[in-house]
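To start, the structure itself, in structure tokens.
First chain written, first letter: the chains are A, B, C and D, and each begins at residue 1.
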Amino acid sequence: MRRIGDAPLTRRLLIGLALALSALFLLLPLVAIFAQAFSQGVAVFWSNVSNVFTLHAIGLTLVIALMTIPICLVFGVALAWLVTRFSFPGRRLLQTLIDIPFAVSPVVAGLIYLLLYGRNGWIGSWLDQHDIQLMFAWPGILMVTVFVTCPFVARELIPLMQAQGSREEEAAVTLGASGWTAFWRVTLPNIRWALMYGVILTNARAVGEFGAVSVVSGAIRGQTNTLPLHVDQLYQDYNTVGAFASAALLALIALLTLAAKAGLEWRAARRETRYSSDQLPETVSKSVPKTSSQTPLESMPSGQNRQPLGGERRL
Amino acid sequence: MSLSYPFRRSVVALAISAGLTGLAGNAMAADRELLNSSYDIARELFAAINPEFQAWWQEQHDEEVEVSQSHGGSSAQARAILQGLRADVVTFNQVTDVQVLADAGLVAEDWQQAFDNNASPYYSTTAFLVRKGNPKGIENWDDLVREDVSLVFPNPKTSGNARYSYLAAWGFAEREFDGDEEQIEEFMRTFLRNVAVFDTGGRGATTSFIERGIGDVLLSFESEVNNIRQEYGSDDYEVIVPPMSVLAEFPVAVVEANAERNGNSDLAEAYIEYLYSEDAQRQLAGFNYRVYDETVVEEFADDFPEIELFNVEDVFGSWDELMETHFANNGMLDQLQRR
Amino acid sequence: MSIRLHNIAKHFGATQALEPLELTINEGELVGLLGPSGSGKTTLLRIIAGLESPDRTCTPSAIYFGERDVTQVHVRDRRIGFVFQHYALFRHMSVYDNVAFGLSVMPRSSRPSSAEIRRRVFRLLEMVKLEHLAKRYPAQLSGGQQQRVSLARALAVEPDVLLLDEPFGALDAKVRQELRRWLRHLHDELNFTSVFVTHDQEEALELSDRVVVMSNGRIEQIDTPDTLYRAPKNRFVFEFLGDVNHLEGHVANGVLTCGDAHVAVELPDGHEELLLRPHEIRLAEAPSPESHLPVTVTAISPVGAEVRVELAADWLEAPWLATVRHADFERLALSRGKRLYAHLRRWHRFESNAASLRSPATS
Amino acid sequence: MKNVAFKRPGSTRVLPGFGLSMGISVLFISLVLLLPMTGLFGQLFELSFSQYWAIITDARIVASYTVTLGAAAVAALINAVFGLLLAWVLVRYEFPGKRLLDALMDLPFALPTAVAGITLATLYAGNGWMGRLLEPLGFQVAYTWVGIALAMAFTSIPFVVRTVQPLLEDLPVEIDEAAMSLGAKDGVAFRRVIMPYLWPSLVTGTGLAFVRSLGEFGAIIFIAGNMPYETEITSYMIFVRLQEYDYAGASAIASVVLFISLVLLLLINVWQGRFVRRLHGGKG
């Protein structure tokens, strides 16, 4: 309750400022999208959304996202395990390498895939001779989507797994658990929420990726046209309402994703308050008053009539 | 959206199944499928023509075919084909973009001779869109270099139609100053300086002009300024076609390498031939393109004022040459824009 | 500076952490707040510090430091020194900067010159014997060293009162012992008013001038360690202050019987529970007419001046703990499994908060 | 990939899975991240060094670096302040709508950049909701570098908020209390006690935001105006080169951005490692 910046005036000022700026900066664009989408009424919106090509674009986008997630998941977990549980030369380099997709402009990302796997690329020409088409077909879209989204899971997991340390897994291994058992029974439950968050971010980005996909997709309507590309095409076509209707769909997917994330966090927070009392050190306790008892049993007077734990109230 | 839950679920299910079939192949089922790679503002045009072609082919050959469309910037589309997009035919708005494919051996070297009129079933020219009542009194190219006039057209480097705007202005100046290079360049420098926003494509420029209210004149193809005027209200905008402008060809070609591979050679050939048919030409004229079919030309005579059109090759030499001198890196365009 | 609390109570949501209480701490006193987890001792300390505000009730509450009413005064203006259980050192500052912090954030008008700050910080570091570590960062120090820095930091601002929240809780036994003595010494030397919280009765008894025993948000007893130990006011205090053995049985005609054991007590008939400290049990090889309490030795551990002996018997619910002197230990030749008889030197019983201390009927 | 190859003398690995995780990670990084990069470098090797140098030091390209770096720096600065404020408010205060605000933070991640670009341009153009308010005040956003900075700030704000937030959450209450009990006023305590804890995350977040801004394309081109020398960003110049079928030129410019970004990311990682080590006494 009494922390730095808790004076009512400061508090109100900062909250007001944050809300006002967020409303202008973040909420307004969102409102604008929906306002445009519905500017000619719900019926027009609906006819745009239920168009067969729009439906196909939605479907393709979701399927690509669903395929991207497991790939990123396996990679993210493996990499996080590697860099947080072992020390070896080149660890920091690996960690920087996974940031490459952040550093590469999406258009360039698409380009480098095209240069490699396209008909003139050194892999692409071989593929072309064997009649395997990756670019301008769904595998190409999947490949660049994976490229763009692969850091998210790993980036969520690494700090968490670093903070948790490997003691629990070591304990499991000394108790005779195999590596897999230790992972499934000990590691996974601990990183579950971060993992979920990583998946949600991956999904959000996979659904929304435009730049990289536009280079490798070919944007064939009804075949390789994803929803963001569809938005662009409708827009190019002077169908502004249609474009924003699809954009609103994307925003809606984004919002659902965010809602899912908020829900997860809420559950995680509830879990934490329920179980934290005798696990977390006092210093981690949050500003909400909650029961926490740090007294280790063994330091209590031995003959004492032991009180049930979890009594003392602290901030 | 007040959708009941089961309905919503069925929509999602439908969308996903559509996506899955998309992975497997086409969303529609047809015996054969032809892919037409085209420029980005031709979507509605081909959405109108393709069903008629499909019906015509079915009638002629008793075969169900499906024409799929891929749209994008003309150069981006050509690049995609170079890198493996398996389009059977191209219908572009830039001669150079087809030439790139020919250079790479995907399109026959003599593609311009393969079909009539330089393999261009329809054409257009650069025209002006001005605001209601033409408040700045824009009539011709020399009005565009006035100090009180600001222009909107895309970057000639990224947009084919802006390239034509540039060439048309140059062609006008060439005539006006009788080939005096210094004066032509000065004219062009002013012309480019009057541009308020360089968008990447025609669509962006339109948005800037119409929705953002920027500039006094939007330069684009005659077909497009007319479409825009129809789209955004005939009362608010006027189309000005200057007395002299450039002939903008819309080249078509069969991408032979791909068509052969896809077993579509006959279909591709027929598709392009079809664009020269009276029915198709009528459709094209309806989208404000100038066409060659005489019956149709007469029908639409009122819509297309007669003006002097000059051929790019006549003024600038070959396309390769003019791309090199004007639009290449550090070419004339870059020099004119240098400060 | 004395501390006076009037009508202080505290709720967290629906839970009552402190029942309304009064407390006066005299100037120069070192007072320990002792109680189990959940007794409200930390809350009380934090209210004194101003880190927590007491409930607002219809009867006004008040906190006085000497004559100064600090009830509404913010923690930063109360002029207190607070030592945290986990030290709460600023990790990004060197030891020197940590100690100098309080001085360097004073308003410009009252801030000492930087030379004066330097002098004072080094004097404090000398006092806590850490002057050679001034340039180190907290992460490079041991727990005991960190706690000394924390103390120096709290003292640097020359607080009116020094408040310590479980100051030695996180340290190992030997360091804890050392720091305790050192704190007592420091307190005597500088003579400020100090309040500290602990759940360790040994620590409270050793260190404090007076101990405030708390449970369930109530003050059970305030007394000097000596009085507290010898005259606990109620069963809670008695049990909390040391090891306790229980003897439960039925009294009839002045004899308490429990299974095959019996002992003479001067009590009216009825059910009784007697409480015994370990040193109040005497061991012998034979029973006496007044006392027949057969026990078996189950564990022996020599600790310091005494030997702790664990005793079991089938009439006992929980084993007893007795302490015997080394001389007796040798005389009785104690070994595990040996059968002996217990005699009671003294015993205690409490009826609803009232204490009574008796000796066995004949002794 | 045998784990023996990486074993240091005297260290034994208790936990299993080194080979497997190393295998997956290296394979993935090689195939998905590094292999495609060879495409980029393959293009670069088609250029002589003097050609390469001429491309990347062309006056117009250099102007685009200035615009991009300048706008990205401004965006990063805005985000550092705004992101810190948001993280602070979200962690420290309870108020109605907090959960909503928290969820809103991820919106720029989730929204396709092109949609964001079109929408921002719509809002801040002279006749947009915001533009109508700002332009009479002589403050033009759309089609100036301010617009570029704004679009960059929009797409990269989550980086700052989401990196600062967890650190702020883990900041022990005692740190606040200690600072207050020593008499520090809010401002002083924030500056001298809390900020030092947040610096690493704030710098990391701001750095990531900056890097992201350097590469951003979709959200910016609509609002940039793309005037030569004035509002052309580097990503746009890459795009122009591509339109000219000049892969080598595009790759050359892309390599400059990539190099700057990677160096920044590496610096951030190394610096963070240092800082963490100091705070945790060499164990980090």
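Keep in mind that, in the parts below, a residue touches a chain if its C-beta (ideal position, glycine included) is under 8 Å from a C-beta of that chain, and two chains touch if they have at least 3 such contacts.
Note that the coordinates shown come from a computational prediction; the quantities given were computed from them, not determined experimentally.
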Labels of chains that are neighbours to subunit B and to subunit C: A, D
Chains touching both subunit C and subunit D, listed by label: A
Remotest chain, subunit D as reference, centres from CA atoms: C
Result of counting contacting C-beta pairs for A-D and B-D, higher pair: A-D
Subunit B and subunit D, separation of their C-alpha mean positions in angstrom: 37
Chain centre separation (subunit A, subunit D; CA means) in Å: 16
Inter-centroid spacing, subunit C versus subunit A (mean Cα positions, whole Å): 50
Whole-Å gap between the CA centroids of subunit A and subunit B: 40
Touching two or more other chains - residue numbers and ranges from subunit B: none
Multi-chain contact sites of subunit C, meaning residues that touch two or more partners: 51, 75, 86, 88
Junction residues of subunit D - those touching two or more other chains: 122, 172, 174, 177, 179-180, 189, 193, 239, 242
Contacting chain pairs - touch in the sense defined above: A-B, A-C, A-D, B-D, C-D
Residue ranges of subunit A touching subunit C (in the complex, touch as defined): 1-2, 281-283, 289, 293-295, 299-307, 309-315
Subunit A to subunit D touching residues, read off their complex: 2-7, 10-11, 14-15, 17-19, 21-22, 24-30, 32-33, 36, 74-75, 78-79, 81-82, 85-89, 92, 94-109, 111-116, 121-122, 143, 146-147, 150, 159, 166, 169-170, 173, 178-179, 182-183, 201, 204-205, 207-211, 228, 231-232, 235, 243, 247, 250-251, 253-255, 257-259, 261-262, 265-266, 282-287, 315
Footprint of subunit B on subunit D - complex, ascending: 55, 58-60, 121-122, 125-128, 142-143, 221-222, 225-229, 236, 239-246, 249
Subunit D residues touching subunit C - in the complex, by the definition given at the top: 172, 174-175, 177-185, 188-189, 192-193, 196-197, 278-283
Residues of subunit D defined as touching subunit A within the complex: 6, 11, 13-18, 20-22, 24-25, 28-29, 32-40, 42-43, 82, 85-86, 88-90, 92-93, 95, 97, 99, 101-116, 118-120, 122-123, 129-130, 153-154, 157, 166, 169-170, 172-174, 176-177, 179-180, 186, 189-190, 193-194, 208, 211-212, 214-218, 235, 238-239, 242, 247, 250-251, 254, 257-258, 261-262, 264-266, 269-270, 273
